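Structures are listed in the sections that come next.
Next, two complexes with chain A in common: one pairs it with chain B, the other with chain C.
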Partner chain A sequence: MNKTELKTITGVLEQGMNRQLLYYLDVCTRCSICKDACHQYVSTGDVLFLPAYRAELIRRVYKKYFTRSGLFLPSLYEARESDDRLLDELYRSTYACTGCRRCMYYCPFSIDTTWVLGVAKAMLIAAGKGAQILTELAGAAVSKGENIDLFKDIMLDLNKETEKELQSLIGDSKATIPIEKEGADILYAALAGVHSILPPSVIFHKAGLNWTLSLFESANYGYFLGDVEKGRIIAKRIVDEAKRLGVKEVVISECGHAYRVMQYLYETWAKEELSFGVTAMVEIIARLIEEGSIEIPSGKERKIVTYHDPCQVGRNAGFYEEPRYVLNQVASNLRELNPSREKNWCCGGGGGLVAQPEFDEFRIKTGERKAEQIKQTRAGLVVSPCENCRLQITALNEKYDMGVKVTGLSDVVANQLIGRDIATSFEAGQTEEPEDED
Partner chain B sequence: MNWLSFLLAGVLVYVAVAVFLVGTVFRVYYWLKVPRSSIRLGIFPQANSQRGRFLQWARDTFLFLQVLDVDRPMWLFVILLHIGGLAAFVGHLRLIQEFTPLATALGKEGMGQFSLISGGIVGIVLLVSVIYLLSRRFKSPYRDLSTPEDYFLLILIFMVLLMGNHLRFFGHVEVEAYRAYVHSLLTFSPEFPVELAESGTRWVLVTHVTLSNLLLIYLPFSKLVHYIGTYAVNLVRSEAR
Partner chain C sequence: MAKEKAKSKQEASEKTEKTAGKVDLELDLRGLMCPLPMVRVSQNINKVPVGGVIRAVATDPGSLADIPSWARTTGNEVLKTERDGKDIIFLVKRVK
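This part shows the complex of A and B:
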């Protein structure tokens, strides 16, 4: 590594320094209590995936270049030169992390490993070693934002098809899926793919909401990549649209990280205050049922249903009661995973892992806990309001022979509203949107 | 006091206390100087009220009960180590001022007995806890994660405890002599009373004090800075609303 590269890397650490990060770098005692909190360490036994070690890699660079004690006594801290081997280790341990923050829950100092890894990702990007597929996906999303006029006509055409599906599902030939509707109350940011558009459309239609569908998908590969600038631009597409249409509320699809980006990160990234509320899909469904806007028909599902708390919906956003409240309306036998809620194991697919084939084998291996947990409930249906979780659990289902169906919360509610079996898929016979998503 | 004792158990004590205090202030200042990110990093569930948040913070900081789910022995020894440390600190205060009400109630001999038993238990518990933490570090994966700093600190604390326990169990020096020494420190004229100066135990005491000084000096600059950092860092945990 030459001097310029080194300067780039230490520069990233210097620029990215903030008080929380400094606390995390300073107080860790390497007690390793976090080791049994991480599904990846537990499944592999590889120290590279031990949360404290992941952060330790950054700490060693910090000790070497930013502290006096590290300068005088580098060996005391194993303070490290930032060399290529370090970058390779960083790459493997950082991009493998799903960002579930289960280690933060168990840490006696509440150290947020993902916060430290945020700097690691920035270093890797600066050194030209950012995850390739995530870089491409983020780039595509940014370019879609810049050239929306090229995409719009295709999207409007596809939407006509989706609209017809909606009309036949609810038996109302006048039902629409509005796009670019000025004066709408709600802007719904879906994922690409009708499976993420149809169920909410059914629910919003039944509730009689004044809503409109966003031109942009809620998923944010800039966030997974760790590129704050790209992440900001990708989220800004929806923010600008919301401002242009004058909506009061942006509803984020069943996608864990997209909600986190909009609710917790965007305002700091963009240095602007949002003029609208940010609502998660689980939140609005619970609200609509509670206020009586939609009425769930009787005839609950009797088969065992289990709920997987997505890390970004539960531990990192606090929606524990809402999804359970909703599920109890449609199913009479809801069985909890053990452990669940804030202690729930990560599915193993978060952090953009499901989008990167290089992690396929790894995430199946590190998902064994999740597979075991689900099997123990003997459930036939797994509900989880996060696309990453659903894709991962679907993959686990195949490999570990779990014999379950995997679906989202709006899917089961929409099915119940139109009198179908709650496990019915919304995919069949549908056209996909042109870009690859999640 | 000979010159070496004067240096290690006299001058160095002042240096250590000064470095510890200034170092602590310096660390806090250094933290506060760096701007904090306005991103709320907390995790859920969270308390809704200020009082609830305070209780949650106190629980996270002092009890960290969630650790019981993943590593019970570690939780136990960590708690023992910290309570033991606090008890040892309180016990040492007797060398500044006798706990008069207790001493009156128990009598001179009773107080000696009480001190021997309670202090003895604390000393042993601390030693066992440190041995547990140290031996854990020699196993994988802890070994792969550990840095020399980790061993250095544990061995330093181990030595301090060993010397302290030696003074308690084999020292044959009465508490009054130690108190006289501490008082001489407090009046900035470090001196050993005759009883200590003429005893071989003196060297154990000098070692105990010297190593404690080193620990105190290193504390603010080591990972053990969590003695002050834990309060701030656990507050971040409940920052999300």
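This part shows the complex of A and C:
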């Protein structure tokens, strides 16, 4: 590492060294309570994944370049040079973290490892060592926003197909999935794919809402990458659309981090106050049921259903009651994971890990505890309102023979509203005429 | 019957591409959801030589915007995008 690179990295660290980070680095007593809280450390026993050590890597660099004791007596004060070996360790330690914050919940000082790793990611990006696939995904999302006119016609064509699916599902040939509807009350930011559009469309239609579908997916790979500027630009695509259409509320799909970005981070990143409300999908479904806008038909589902609290929906956003309220309307045998709610184990797929092939083996290994937890409930259906969690639990299901079906909260509600089995998938083309069988 | 027709149509299309020497790598990305089709293309682009072509078949509609956007930002090129029933077929050229 040359002097310029070193200066860049230490400059990023200095810039991120605010009171909060200093507090986190200062108060850690290495009590190691966090070792039993982190699913990654519990599964691997590798110190690299111990939350306190993750922060320790940053602390050592800080000591080396920003304290006299670390500068003159590095070995005595555990100071460490920022060299390529350190950056490699920092990379594995940082980009492997799912940001579940279970360690923070158990930490006596509430040290937010995710916050510390935010600075670590900024240092890695400055050193040209940001996670490559996340960089590409974030870049593609930014490019899509800049060149939306190139894709708009394709998206409108696809939407017509999805609209036909909706009409067929609900038996209403006039049902629409509006796009770019000025004066709509709600802008719904889905994920890419019919599975994220159809169930909310059924719910919104049944509730008679004045809504419109966003041209942009809610997922934000700039956030996973740790690149605040890219994260801001990706989220801004939806913010600008919401402003242009004059909506009162932006509803974020069942995607934990996307809600967190829009509700808790965007205003700080962009230094602007949002002119509309931000609502999570779990929140609006509960609201619609509570106010009587949609009615779940009687004859509750009797099979055992369990609910996995996504870290970004539960621990990091506080939605524990809403999804349970909804599920108790739908199913009569909701069985909790043990532990659940704020103590729930991370599934192992968050933080963008499901999109990073380099961590495939690691995330399956570190998801074993989640697989065991689900098996213990003997549930046949796992509901979780987060795409990352669903992808991960689906992968765990295959690996650990869990024998479950994995679905979203919107899916079970929409299925109930149209009189289908709650575990039925919403996929493109499922309402087409059946093909001839030979 | 319809399934068979679609299958033979696809096989014919694949055969044409292969015999024409245009395709260096086939990727079956059907059933993968966003962002995995794009991730798989990115993962495999270095497996073909510069100037080589990947033929990727996806079913996730999100890939229609994702893969061209990825190509644009990484300096690669989507030569062709076509739909065949539920299949979305991309010919992606490695440029650098």
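Everything below uses one rule, namely that the second predicted complex is superposed on the first by the 427 of 438 C-alpha atoms of A that agree within 3 Å, B and C clash if a C-alpha of one lies under 4 Å from a C-alpha of the other, contacts with A are read in each partner's own complex, and residues count from 1 in each chain.
As a working rule, a contact is a pair of C-beta atoms (placed from the backbone, for glycine too) under 8 Å apart; a residue touches a chain by one contact, two chains touch by 3 or more.
Bear in mind the structure is a predicted one, so any value in this text is a computation, not a measurement.
Peer 1: Judging by the criteria at the top, classify the pair chain B and chain C on chain A as clash or fit.
Peer 2: fit
Peer 1: Between chain B and chain C, whom does A:R315 touch in the aligned arrangement: first, second, both, or neither?
Peer 2: Touch partner of A:R315: chain B, not chain C.
Peer 1: So, A:F109: does it touch chain B (first), chain C (second), both, or neither?
Peer 2: After superposition on chain A, A:F109 lies in contact with chain B alone.
Peer 1: According to the contact criterion defined above, which of chain B and chain C contacts more residues of chain A?
Peer 2: Chain A has more residues touched by B than by the other partner.
Peer 1: Counting only touches as set out at the top, which of chain B and chain C does A:L158 meet: first, second, both, neither?
Peer 2: A:L158 sits against chain C, while chain B stays out of touch.
Peer 1: Would you please give the vertex angle at the Cα centre of chain A, with arms pointing to the Cα centres of chain B and chain C, as a multiple of 10°?
Peer 2: Superposed on A, the angle at chain A reads 140 degrees.
Peer 1: By the touch definition at the top of the document, which applies to A:Y77: first (chain B), second (chain C), both, or neither?
Peer 2: Only chain B; A:Y77 stays clear of chain C.
Peer 1: Just checking: does A:Y325 make contact with chain B only, chain C only, both, or neither of them? Give me first, second, both or neither.
Peer 2: neither
Peer 1: Note down the smallest distance between any C-alpha of chain B and any C-alpha of chain C in the overlay, whole angstrom.
Peer 2: The answer is 28 Å, the least C-alpha separation in the overlay.
Peer 1: Over in the complex, which chain A residues touch chain C? Could you list them?
Peer 2: 133, 136-137, 139-144, 147, 150-151, 154-155, 158, 191-195, 217, 219, 221, 355, 357, 387, 391, 428-429, 435-436, 438
Peer 1: State the interface residues of chain A toward chain B in the complex, per the touch definition above.
Peer 2: Interface residues on chain A, with respect to chain B: 17-24, 26-33, 35-37, 41, 45, 47, 50, 52-53, 56, 69, 75-78, 101, 104-106, 108-112, 115, 264-265, 267-268, 314-318, 320, 339, 341-343.
Peer 1: Where on chain C is chain A touching in the complex?
Peer 2: 1-4, 33-36, 38-39, 42-43, 59-66, 68-70, 72-74, 86
Peer 1: Along chain B, where are the residues that touch chain A in the complex?
Peer 2: Interface residues on chain B, with respect to chain A: 27, 30-32, 34-41, 43-46, 60, 64, 66-67, 69-71, 74, 78, 140-142, 144-150, 152, 221, 223-226, 229-230, 232-234, 236-237, 240.
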